[in-house]
Structure formats: structure tokens, C-alpha cells
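Read the structure below first, then the notes.
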Amino acid sequence: MALVSNILTQVFITLISVVGVYVLTGLTGMFSLGQAAFMAIGSYASGLLVVKGGMALAPAIVLAVLMTTLVGYLVGYPVVRLRRDYISLVTLGFGEAIAALLNRMTSLTGGASGFTGIPRRTTLLLAAVSAVAAIILVAFFKTSKYGRQCIALRGDELAAKAMGINVTRVKMTAFLLSVALTAYSGCLYAFYMSYVDPSGFGWKKSADWVIMVFFGGVNSLTGSTLGAFILSALPQVLRGLQNYRYVIYAVLVLLIINFKPSGLLGEWELTPRNLARTARSLGRKFGTRKETH
Amino acid sequence: MFLGEATKQMSLQIVINGLATGSVYALIATGFALIFNILKFSNFSHGATMTAAAFTAYFLVAAKGGGLAATLLAAALAGALIALFGEFFGFRRITLKHSSPTYFFVSSITLGTLYEGLVTIRVGSNFYNFPSFFKNPTIRISGLVISTGDAMMCIISLVALILLAYVIQKTRLGRALRAVSFDRDTAQLMGINSTRIIQLTFVISGLLAGAAGTFLGIKYTLYPTLGSLVVKGFIASVIGGLGSLVGAVIGAVLLGLIETLLLSLLGSGYSTIATFGIMLVFLLVRPQGIAGSNIQEKA
Amino acid sequence: MALLEVKNIYKSFGGVKAIQDFSLEADAGQILGIIGPNGAGKTTIFNVISGVYPADQGTVILNGQDITKMEQYRITRLGMGRTFQNIRLFKGLTVQENVMCAFDPKSQYKILGGLLPTPRRRSEEKRGREQCMKYLEVVGMADYADERPENLSYGMQRRVEIARALMCEPKVLLLDEPAAGLNPTEVSELTELIQRISKEIGFGILLIEHRLELVMSISHLIHVQNFGKTIAVGTPAQVQHDPQVIEAYLGKEE
């Protein structure tokens, strides 16, 4: 039971980050390879505020998320106005720089040997509620004017501008939302693991998240969530295959790219309306079968 | 102003080390820029290609007593083969379908993950050292100490870049490559087999990646995440101007010099951060990069 | 003062002079045609006017305001709408959502409403949807609001694109080859539509078109472009008989 709870808690924490990546990559068509670095900043900042600053948990988390979002603004400012390739290149560089910084500031962060002694405060319930809340917020975001503008500029920036969309600003909004979600996930992570070290936040982790979004369906929040659930639970279950994990992932994704580029679910979303429609068509299928009996 | 003899020596030393570092960054950046140029996406598998190629050369040649030339050749060939594999399994179908850049991005990081994963399975997280290829590890010229490895790196990179420039500017392949990178569909209509040209571009990029990986392995050590040094090539490309080969070389040399200078002033951790800061400022001031080739979406 | 004033604009790409010394004035209720062979710089004129890229020289004034160097989205918000030569509807959005995108920049709710269904968000979304349906009705596409544009015929997609441009509430509407790829029936429907919206909504319309029958039948004034230069300006009747125009279109008799 403890094992299941442990796995689920980690899956829910990952889910929050992946939902953030969905906003950035799925909705807006931007890629961040420094996303994990924002998680690191969230982890370290909230951990430090509580352990060394003596703050209570909730305000520490709020402050940490705000700080990370501010850093996101500084990183995003020069790049959101440029071609979208820049954001992935620059965030990759940013990730490396943050890793170097965390390794270097030994007195504050414990350097490469990690930052220990963070109280264990994240429960399964907190992680689950947070993940569900994150998914709901992002679902609302997707159907809002922001979500529409994100999807519009994802396909055609020039036409989006011609419709009066402030592309730079919408991109920045999406980027900051994803940074904030990731930072929050980092806070939960720190207070669950009670220990963080810089090596866990490299570009591989960011790439992992993109792959999860893509696996389930890059245009579907439901698909991304499902992808995150499957792919982040899998390695926890198959612990013995740790080394093969990335290879298996990669092969799976290459198959999807080549043969089903829209991912597992394509654009399908879990909404009451779609559910009813699917149920109806299934009903028709089985209904006719019963009649012939 | 009077520069003391010692200071002069030191700054000269920094310039030389910077050029050496810059030359290997230039190999990375041009390999990356070639693919960017032709398919208009950032190839994030480039780093892992470097690692995988360098390791292949290590196990097949260097560990069995092969010399520098044989090792480099093996690495370059391995790089080319890996790049061809990637082109076929990662990019061929989405290129033909004119898929959105999203797919290229995901494909490239997936390939990167795959290569790095395979290397990790073979070597664990151990560090490997290339055997010392040179009798004298350093050369001394009037008080300056130059590592023989660095000197070879500079020379070989320079030769490789000159060859590359020749191929692109003077040969039929180069002309076709420029045509395809300008407009793939029109080039195809003009009778250029653009799939073949893309393949060849990947081969060239892979050759460069193999060489760069080996040099990095010699300069530092060989380890599975060595490829993350590719970020230096990316930064160089951004500074130089995305997609411009000349820009990539200039950016790389500049980055090498700046980094070596910062390294001597700030130490290793902070120099990475300072380099990143410089890139951000650079993007604010001159987003089109040094070469100023601005890739615009078609109206 | 005219609604839209384009004064002596120039634009080159590398060595190619795409526009040389182009001027134009458009008023509300007017339809202006711009014609000319391929490569005459017609779309470049639109791109400069709508702010895709700035002119090298010259000025563009919309409703008394200098928009020459203004960002594209700001120009749109000041009152410019456009369609594209090769239809550029947004993939991944329905017809209604496509049109809504042109309302969204004007929608009055903030990020809180972006994440939660606040009362403000609900009322604004409702207002947007109503306007959306209004314009879809104008172009006769209201029945297809929930379709994906890629499932519609070319002619229908054109109409959706026009509805989207109308949603920008333009003072000047730029139509870039709206009849391209349409069959004769669709062309005559389109002709009727353009005339109707011009009368009902009363903005200035600039029209680039290859189908001469369309331009000639609805334009009040026509600019003829060739190799980046204006070779004739006049009413359809005047232009049709201009020797230079005939030469540009039919070639010089040797």
C-alpha cells in the first residue's frame, strides 16, 4: 500500500508539470527544454524559505511560485518575440546555467551533494487534489480566449497578428502559466522527497515531459494527462528496467510519430458532450447486435 | 597603458585556449546549423549523436590501440551512420508529409533520448578516457603552454571547416543543398532529388558531430551525457544567427574566447551562468545574430 | 481627408524592387481594385499596408493616424481587416472559434477569467459568440459554426475568412484574391457578398484580384500594377482601354 501511495504521489506531482507542458507545447506550439529547471527553482526556493527562512509552508509555496514566475519572465522576455526555435534553445541554455548555479552555491544549496532536511509535508491527498485542480484550471484556460489565441498562433502567427492578436503577449502568458504550474509541482516535489539535488533537473526531464504530452496526443489535454499517467507510472512499476526505460520510451514515440502522429487520443477531449456522443455510438453498435440476437 | 610581460603572456594564453575551445564549438554549431538550414528545425539529437559516435570510436578503435587519425575517422563515420539512421527513422516521413515543426522537435529529442539511453546501457554512468594520443602532451612556444590536443583540435577543425565551405560554395552538391534549403518543393520540381540532398546533409552533419564528440572526449572525458555540451554549439548558433553557417563559426569562436576569459575570472560554475546572461542580452540587442540572417515566415 | 492614405511607398527585397512609389486613397463605401500580372507586387502592397513589414519609404495613414511603422496587431485593432491569397484559417479550431479569435483581443476579461468561469468571462464569451453568429450570418455560414474549416469547400472557407476579417470591425478591408480557386457560381455569389457588405457596413475595400470580370464589375477605381510600378489608375472603363494596360496584360506587339 505504501508503495502504491508512493508511486501515485509522484505520478500526481509529475502530472502537474506535464499539464504545464501541455499549455506550452500542446496549446501554443512552443518547447521548453529548461522546464525542469523551473521545477528546480520552485523546489529549492520553497525548501529554502521553509528550512532556512523559517516560513510556513503555504506562504513559502506561494512566494516560491511567484519568484519562479518572475525568473520565467526574465528568460521569456527576449525570446517570445522571436521565432519559436529560440525558446527551446534559450531554455536549454537556461537549464544548464541553473544546474551550474545550484552546484556552485554550496553554502545555500548544498551543491552537488544536494539539499537535505526539507520536512516531508506533501501527502497523497495534497498531490491528488493539486493535480486535479491544475487539470481543471488548464481545461478552462484551453476554452478561454487565451486558449483560442494560443491555438491560433500555434498554426499561423502571421494570420493571428492580422486578426489583432498580440502574439508576443499571448505567448508570454502561456509560458508563464506553464512555468507557474511547474514551479508548484517543484514545491510539492521538494516537500515530498525531503531532499533535492541539481542532477535530477536536466534537459532529459523536460524532454520526458514533452514526450508524455506527445504520447497521449499533443492536441488533447485528456490525452496529455493520460500519457503522463501511463509513462510516469510505468518506470515506477518496472523498476528493474530503469536503464531500458528511455530506450523503450523512445522507440514507442518514434513509432507514434511515424504511424499515428496525433498521439493516442488525437484531439479527443473528455467532455460530457463527447462522452455522450461516444456512448451513443457505442450504444448503437451494441444495440444492433442485441437486436439480431 | 603598459601591460606587464606576465599579463601579456596570460592574455595571449587565454586567446589561444579560447580559440581551441571555439574551434570545437564551431564544429558543433555548423553541424547543427546545416540541419537547421535545410529542414528549419533545431536538431536536439545532435548532442547525443556526438556522444554515441565518440563512444563507438572509443570501443572500436581507440581502446584497441588505434591512433588519433583512425579514431577520428571512425567517429566521423559512426556519426554519419547515426545521423542517417535518425534521418530515416525520425525525420523522413514527417518531412515528406510537411508536418509541423512540433513533430521535428519531438522526433529530435526522442532520437537524442534513444542514443543516450543506448550508450548508458552499454557503459553505465562511468567515465572513460581516451588514451593519450601524443608523445608530448604540451607544446611550449616562448613561454606559452599549448596542449597538443588543443593544437590538433584547432588545426583539424579549421581544415574541416574549410572543406565544408568549399563543398557548399563550389560543388554541385553545395548548390543543390542551398537550393533545397531555400525552397524544398521548387528544388524538387527543378529535378533535384531533395530526399537525397537531405540525407547527404545529415551525413555531413554526422561527420562533424563525430569529430566534435571525439575532441570533447579528448579535452574532457567520455561520459554518457557528454552530448549536453551541444548547448555550447546552440548558444554559438544563436549568437551567430540561426541558420547561418558563417555566423555559427563566428559565434563559436567568440563564445570560446568569452568563456575562456570568464573561466579565468569567475571559475567554472559562474562562467556558465555569465555566458547564458550574455546570450540573453545579445538576443535583446541583436536578435538576428551577428550574421544577421533573419528567417521570416512567408506572408 | 481620406480614410486610408498610402503615400509614395517603396519596398525592396534584396535587389528586387517590389513596390515603387505607390500611392492610393480609399474612402468609406468605396471599392478599390488593384490588378496586375503575377509578381507585380500586389500582395506586397497589402503586406506593407497591414504592417506585416514596414515600407522602406513613404507613409501609410489610417483614419488620420500614421501606421507606417506600427505593429501588425495594433493596426488591426485600429481598424484594418484582411484575408489571404491562400486561405489562412486556424487549424484545430472550429469555424466559430476561428471567427472568435478576431474578437478575443477585444474581449474584456483578464487571466483570472482565463482560468476560472468568472461572471465576466461568461458575459464576454456570450457577447463574442453573438457577434460571431452575426457575421457568420452575413456571409451565410451560420449553419456551419461548429464544423472544422478543413471539412468545408474552398468557397465556404473563403466566406469564413471574410467573416473573421469582419469580426475585426475594420474601417478598411483588404481582400487578397478572394475569387482564387472558386468556380463561376461561387464567384458570382462572392461578388454579390462583397457588394452587399460594402453597402451594409460601409467601410473601404481594397481588392486584389486576377479575375478581371469580378474587379471590373464592382470596383469604383482600379490601380494597375506592373513590375512594382503603377501604370494606370482610373475607372474600369478607362483602365480597360489604356494602351499600357493592354500591353502589360497581352504583351507588346512585336
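Order as written gives the chain letters A, B and C; numbering starts at 1 within each chain.
Here is the rule we go by: a residue touches a chain if its C-beta (ideal position, glycine included) is under 8 Å from a C-beta of that chain, and two chains touch if they have at least 3 such contacts.
These numbers come from a predicted model, not from an experiment.
Chain centroids computed from C-alpha atoms place A closest to the centre of all protein C-alpha atoms shown. When every chain is reduced to the mean of its CA atoms, the largest separation from subunit B belongs to C.
Subunit A and subunit C, compared by their mean Cα positions, are separated by 40 Å.
Separating the CA-averaged centres of subunit A and subunit B is a span of 30 Å. Between subunit B and subunit C, the centres computed from C-alpha atoms are 45 Å apart.
Contact with two or more other chains is made by residues 52 of subunit C. Residues of subunit A found to touch two or more other chains are 155, 158.
Residues of subunit B in contact with at least two other chains: 299.
Considering their complex, residues 36, 41-42, 44, 89-90, 93-94, 97, 99-103, 105-107, 109-114, 116-118, 120-121, 225, 228, 231, 234-235, 237-238, 242, 267-270, 272-273, 275-277, 279-280, 283-284, 287, 295, 297, 299 of subunit B touch subunit A. Looking at the complex, you find that subunit C touches subunit A at residues 50, 52, 71-73, 76-77, 82, 84, 88-93, 97-98, 100-107, 109, 111, 113-117, 121, 124-125, 128, 164, 167-168.
Against subunit B, the residues of subunit A that register as touching in their complex are 25, 29, 31, 33, 74-75, 77-79, 81-86, 88-90, 92-94, 96-97, 100-101, 103-104, 155, 157-158, 202-204, 207-208, 210-211, 214, 218, 243-247, 249-251, 253-254, 257-258, 261.
Across the interface of their complex, subunit C is touched by residues 137, 140-141, 144-149, 151-152, 154-156, 158-167, 173, 219, 267 of subunit A.
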